[in-house]
């Protein structure tokens, strides 16, 4: 059995045991169902994709999408770590993610067929440009906890006097959806197939922004 | 056994098998518990309601509330597809939904009794008026994915220069609650009985808007 | 066996049966895993803490943190009812909550050791001051349902004419995070270890506010 190398092409399907694939399948299936997602019911096909994810994990250290070419640099591949940034929009528009690993309920129920779908990921250059122009807040994830985050009682944070209106325009970057049943909020192109909290269907969402 | 008809009154309890009722009971119970909801512990009563939902599904194609009169036109019945738009407010105020299918923890624990509760659903005319006057964004659900939804990197969307302040007033339509423990946000009359994410109780929510 | 008293020191570990501890352990473990949290894998240590919570429940009526001194007045102890308001920030910064009951994935995987961590809870006086200065909306939780909460169709609530820009500054009290995969929103110091909805990892969150 070959040694694990990082960034190399040494990992092959032989490195991944069927038991490991089976275990991850079970876990992903449970997690998917509990959040209103569905793995492709074609079990053999699905196991093949999961094997690909595990091979990529050996190679790169993360679940790079098994149907795309990963750069091997995690920061550049973030958007295609499975589940990818494009899954939910593809599920909404085509009933399947790019790989066919995740599918919509209609596909599970046999009412819709999975076909090849267009690649939604922008080309390398467009992504690089977008990353460069991205406003600082989105990248502040590794900043230390702000005082407000430290669990200090909220009242402490708000200064007295009339505060200037904060810039909330980032809220408008994506549509904001509200589940009419339970009040769940999410910020995405279209509402999810079912509400992950109360299981109300897509049509029960209203758009707030 | 009678044929399935859409919009007709042909479906009767005989069309629905006890196994089917049992299966849906098991599923709804699991989904309820995993999100901090509870089915009525009076099992027989609950199975009767679930049978009613399945009869309605045969009749209309969706789980119209078994305790209300459905129009049979899905778009007009959206608010009473189970779980209905009124469930969570009724649970908060009365410890039960209109039907008694969902109840609060206090009822499960025998600390509170379920009684008949007033109908919270506005009369037909009021609903029709409200629907007519509803601002366009809330109905834009079937619009094609906006560019921002397509998974394009966010930075790309924000124009350079100083953007005009967006209209965020829709955020104020409902109270906005934040779980002090995990930061979960929801937009509803009162906070949920327990946080669906971290299980913190109602009193751990703070109101942001 | 001693009688339950409220606010007294009468409850002792003897009042709590091993079966009860075991049952709560099983429940907390399941709930933790399903939301992306983890109990300390040192089972014996964890059972000891859970016993402490149950003793506190007997004494005070709620799960006061087993590692802190509760006042016995629920309203003053709200922030240290387990899970406490400080857990998630401590998990993010130190890989463990103050007690060591909840730990990060790195700790579960043996990549990080749990050590004693500083107390993040502000001193009594600071908390009292903050509570006193807290703006009214945050405390309005026991107010009766606002009309908007009553499930009335949203359009009904918005007055016609051009509404004045609402004060949304409270949205800025905490960082607002968005999962790039599923659009989950949460309001907290740092993003969660994994998205509780779609399991995407921390680095897949972007900061909106």
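Order as written gives the chain letters A, B and C; numbering starts at 1 within each chain.
As a convention for this text, a residue touches a chain if its C-beta (ideal position, glycine included) is under 8 Å from a C-beta of that chain, and two chains touch if they have at least 3 such contacts.
The model shown is predicted, which means the values in this text are computed figures rather than measured ones.
Engineer: Regarding the subunit A and subunit B pair, does the interface count as same (over half of residue numbers shared) or different (under half shared)?
Structural biologist: different
Engineer: To lay subunit B over its twin subunit C by CA atoms, how big a turn is needed, in degrees to the nearest 5?
Structural biologist: It works out to 120 degrees.
Engineer: From the mean C-alpha coordinate of subunit A to that of subunit B, what's the distance rounded to whole Å?
Structural biologist: Chain centroid spacing, subunit A to subunit B, equals 25 Å.
Engineer: If a residue has to touch 2 or more other chains to count, which residues of subunit A qualify?
Structural biologist: 34, 79, 85, 138, 151, 154, 165, 168, 170-171, 173-174, 185, 188, 206
Engineer: Along subunit B, where are the residues that touch subunit A in the complex?
Structural biologist: Residues of subunit B touching subunit A: 31, 34-35, 37, 78-79, 81, 83-85, 87-88, 137-141, 145-146, 148-158, 160, 163, 165-166, 168, 170-171, 173-174, 177, 180, 185-188, 192, 196, 206.
Engineer: So in the complex, the part of subunit C that touches subunit A is made up of which residues?
Structural biologist: Listed in rising order, the residues are 34, 79, 84-86, 89, 92-93, 120-122, 126-127, 129-135, 138, 154, 165, 167-176, 178, 180-185, 188-191, 197-209.
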